[in-house]
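Please find one structure pasted underneath; my questions will follow.
Going in written order, the chains are labelled A, B, C and D, and every chain counts its residues from 1.
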Amino acid sequence: MDLSFWILQFLNAMQYSMLLFLLSIGLTVIFGLLHFVNLAHASLYMMGAYIGISVAALTGSFWAAFFLAPVIVTLIGAMLYFTLIDRMRTAGPMNQVLVTFGLIFIFLDLVRMGWGDIALGLDGPQSLSGTTRFLGVDYPAYRLFIIALGLGVMTTMWFILSRTQIGAMIRASVENTDMAAAMGINVSTLFFLVFCFGCALAGLAGVAAAPILSATTTMGITILIPTLIVVVIGGLGSLEGAIAGSIIIGFMETFGAVMIPSFSAVLTYVLLAVVLIWRPQGLIPARG
Amino acid sequence: MFYQTKFRSITLIAALIFLASYASFGSYFAREIVVEIIILAILAISLDLCAGFGGMVSLCHGAIMGVAAYAFAIMSAKLGWPLFPSALIGLLAAVVVSGLVGWVTARTNGIFFIMATLAFGQMAYTFFFKSRWLGGDDGMGGISRFDLSAIGLEMNNSLTFTYLGLGVLLLAYGLTAMVMRSGFGRTLSGIHVNEDRMKALGVNTAAHRAKAMAFSGFIAGLAGLIAAQHTLYISPELLIWTTSGEALIVVILGGLGTLVGPVIGAILLVLMKHEISDYTDYWHAFIGLVLIFTVLAGGRGVFGQIEYWLNSLRSRHHDPDNHQTAGKPQGGDHA
Amino acid sequence: MLEVKGLSKDFGGLHVIRDLSLSVTAGERRVILGPNGAGKTTLFHLLAGTLKPSKGEIFLDGQPIKAFDAVKRARLGIARSYQKNNLFETLTIRENLMLAAAAALGKSTHMVKDSSRHPDIRQRIDEIAEQVSLADQLDQTVGTASYGNRRQLEVGLALATRPKLLLMDEPTSGVGPTMIDRFHRLLEQLPRDITVLIIEHDMDLAFGVADRITVLNFGEKVFEGTPEDTRGNATVRDIYLGTGGYHA
Amino acid sequence: MEKYNLSYWGTIVKTIATKLALVTGLCLNLGFSMISTASAETKVGLLLPYTGTYAALGNAITEGFELAIEEAGREDEFTVIVEDSEMKPPVGLAKARKLVYQDEVDVIAGVVSSGVLGAMRDFIHQSQVPLIVANAGNNLATGENCSPYIVRVSFSNGQINRPMGTWLAENGVKTIYTLAPDYAAGHQMIDAFTKAFTAAGGEVIGSEFTPFGQTKDFGPYLTNAQASGADGIFVFYAGGEAINFVKQYGSFDIKTPLYGSGFLTSPLYVEAEGEAAIGVRASLHYIPTLDTPENKAFIKAFQAKYNAMPSEYAVQGYDAALALMAAVDNGGVDRATLAAQLPRVSYVGPRGPLEIDPATNNIVQNIYIYDTVMENGVLTQKMIDTVPSVRDDAAGCQM
């Protein structure tokens, strides 16, 4: 096991972490601001992958899928917002979990009706096929693209939250919604925008993951658990928590698979249990 | 807080009579369906105890049920113990595991409690899934039926088995109802409503929650024993978190915190599933719609909603200052 | 009965209680006075065990209790009522009292008998309801009860455990004069085997019921004495009138 | 990538809409029973997963089964009762009991997952209703736990992989690294391969089992396999995991050749795997490009009916029906006679000459070693070698 082996595994871990980050950040931002546990986030991720596959089939271009799928998923999210999410905002976490769990079932069957039960794949863009030399190793270009995408989203979000007007409004609303409303922030519009943004990220994660992972009807339910684990370990609602959670899980699963493969299946669950017993609110709990 | 009202008793008895006659007069498959309902109803009662009264929405109840089934199967089929002591070991295993989970998660609440129980449940699932000694994901067979011919019961007769299952369901309900109206059960409700104040009243709330989980594990263990006795074969499928999720749906559908609701919910869900799957493979979407509708309609569940209507009718007819006897206030409160 | 020695509590750099010593004899009615932010409620937290002191010792009947948590102290007979209602909101008043009575009578871990029908528990509920004048409202849900009734229940919950030491944090805050009168009578009727510490803003009530008065300011004990001494004390007057920090 | 016109999108929306309408309509009709009671000579229970992860397999097997009966023009002779096992062992067993006691079927066919087969095994054995296994490959079902009432027309996990072990060793591959999902079938497939490969002089220098159903990123495992320096990587993956694995293998530009149990590049999934599948060498009991008259006729009929290439799963369903019809022709009229006739079935089907081994009731069949190649822009299977008449030994099977 020379250095290049560890660099490769480091990149693998980064790639997986960034995929988890893209998925969990939307969920956690929605929770942080709206206090809404949106399990259907996983379904939107699945829709991103399937819609991406269809758009790519239709246009013959991966990039069209890459940009259009998040937009379409956002539209679906907006529809959900006006029909269900908005009226469930004050209904308590238990009811929110149940309603969005019902949505998961519905999306599952919609996808089965529309795309069938057979797993589908999406070809990555031609320009990112094959491997590239990076840090002295040959690494798949598309995986590097995922890493860059994750870091890009991370930086953008940090910039928005800490340097812009809307970011200040979001932070104020996270800390104290009533106060923010009293200060003249249009809280309901803000909620809607943030929700849409979260949905767009879910769709983006779906279409970005499709060239690496296949699209299956159960992909939503199977990704739900790791995503929730990331968000809960990090601390629901906190951006830093989502970053920390996805990097911890990504690195632990990757290096767990490399070093103690027979335990890798339970490693995440053990970590989750330990974190929650040690810090019942997650590692970096959100304020407010 | 739990009160065994007349309406609840009547509904429960009606439900049991319905199940018994469905099994007696229906086709062979009707009995399979009734046993499926019995297992799910007992599991849901056990979950209602935690979630409805203690506010502990657990996603590891399926795993606890599975632990009982596996412990029973290991003792009887692998180690050759007689069935009765094996069953006791099975229940004991469920109580111990459940109590331990309750003890270490006592400080967590809400979504964090859900996730912590999910973690423990999935650990148990992975353990049995990977255990090659126990057949791994293929499961293990070789379990034998209880021989109750001494008291004149032929357990291999599916109708007898179904009746006995209904008896266990009644037992599970009775035990849970008894505990929920005892000082222990009411204090559990109190902890759910205001844990801090309960501590100030001198109640060790963490230990109390752990004990409630342990008792709930006993009930879930009963479901596990019936499952193992019914199929004479068990697989890790029992332990996966979606089994707990299904039980949770049943509790919500029937009525959280009512104990009778879970029985009604189990009947509705299983019958609905079988009826719809005769026509279409897309019954998940239907269940999803029902779940959403239930929550939008007030989240009281079918039984809870009816009880709520009855209570509001009754209080409209009564003088509001007129106290009911023996401290029997309006039921249906979710505490 | 209650001995506090050199008690201090810091939050970060903030000294909320400084080197406080108190001695309360059995059966005494002790009123704690002091402006907002004087550390009165924090003192109650330290006594009840919901906060851990930074320094100092607490003795109950000569037994050091600093290491005990809130649950254990409650079991030793320390009960408290809160300044802000801290009740079982979705339950009825009867159920609230039932919980407290069951806990006090050691029935909260019994798993067989229906606690709502237990004769001891029912007797305790009736007694307390009578004491805090809630006998007619027993089946009302707390969430829908009037503010006054909830204040009464707040005290009732503490009384229902039959404590040795009762800590009452502004039991009459926000209620009208009739209620204050009624509360005054309640205090007078309380058996003398209960030791009572009251944080109070209502001067008449304070001077009316107190055996002794302790005055806190900025976490320090600035005065202690009988009501008569307190009335004439310049320091106390300065704190209340001079700083203008007090408002009811 | 295939050319799609604009109506593609419309088709998806339309399919959803029709099926939604169907569901709504049916829900309104709840309570009306649709079970017809047409009298027929043979009642068949088809027990397959139609929901869950293996729904695609259940559908493919059903298609093959129905095609065979339709082709023979014997629809009137067989009443087929379809039940969804949901891939859950207790549900599978409950449905099997229902088929036996309530519908009183003469024979059950289907069963995709070994878990469901395991749950049904004792019941089938005791109730003496013949079962034609159309997928589940658990070695034990025709080994230690065999039964005169269980006949398997699909494959056993060992049967598919043993020939590949011998073949690779004989064709100059000296060292292998193996990967498979961490569940019973994965272990059986890899064990069988390893035994045969080692016996023929090869060496397995590394082996890992990945968490089943949880592993999304195979990168770490691929990196390990590559670093081991083995001559080749041998894997078993199926379904979505197969697609993920092959695509990720392709993206890493790994020079170590990839070998596998043929489910890895099954025609059902190879399209989704794309160019990454090219050059993967695998062994399977059926490939659609077999150049035999029986297979050509089968493919023609299948394409005419379903407008798609058949997979090995469809063939298994097809052969289940062929075996059943052959048993009926030989005098099988009820449970006992069908159970007696089924193990004697032998014929030449799409996958070549088939017979049932009376010692185990498992199928004896050819195993094909094939490459996935690109021909005229379509991924297809190119046969490299045939290992004829592969037979499992009667490992602990006593009828």
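The rule we apply is simple: a residue touches a chain if its C-beta (ideal position, glycine included) is under 8 Å from a C-beta of that chain, and two chains touch if they have at least 3 such contacts.
If you're wondering where the values come from, they're calculated on a predicted model, not measured in any experiment.
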Each chain counted as touching chain C and chain D at once: B
Innermost chain, taking as reference the mean of every protein Cα atom displayed: B
Label of the chain whose CA centroid is most distant from the centroid of chain D: C
Geometric centre distance via CA averages, chain C-chain A, whole Å: 50
Separation of chain A from chain B, taking each centre as the mean of its C-alpha atoms, in whole Å: 33
Whole-Å gap separating chain A and chain D, where each centre is the average of the chain's CA atoms: 35
Chain B and chain C: spacing of chain centres that average the CA atoms, whole Å: 42
Junction residues of chain C - those touching two or more other chains: none
In chain D, residues with contacts to at least two other chains: 19, 55, 182, 211-212
Junction residues of chain B - those touching two or more other chains: 126, 129-130, 281-282, 284-285
Pairs of chains found to touch, sorted by chain label: A-B, A-D, B-C, B-D
Complex contact set, residues of chain A against chain D: 1, 5, 8-9, 12-13, 15-16, 19, 54, 56-58, 60, 110, 112-121, 123-124, 129-131, 138, 140, 142-143, 211-214, 216-219, 222-223, 226, 253-255, 257-258, 261-262, 264-265
Contact set on chain C toward chain B in their complex: 48, 50, 70-71, 74-75, 79-80, 86-92, 94-95, 98-100, 102-104, 107-118, 121-122, 136, 138-139, 141, 157, 161
Chain B to chain A touching residues, read off their complex: 57, 104-105, 107-112, 114-116, 118-120, 122-123, 126-127, 129-130, 241-242, 245, 248-249, 252, 281-282, 284-285, 287-292, 294-296, 299
Parts of chain B lying in touch with chain D, wherever the complex brings them together: 27-29, 32, 36, 126, 129-130, 132, 135-139, 141, 158, 227, 230-233, 235, 237-238, 275-286
Of chain A, residues touching chain B in the complex: 37, 84, 87-88, 91, 93-95, 97-99, 101-106, 108-110, 112-113, 221, 225, 228-229, 232, 236, 262, 265-266, 269-270, 272-273, 276-277, 280-282
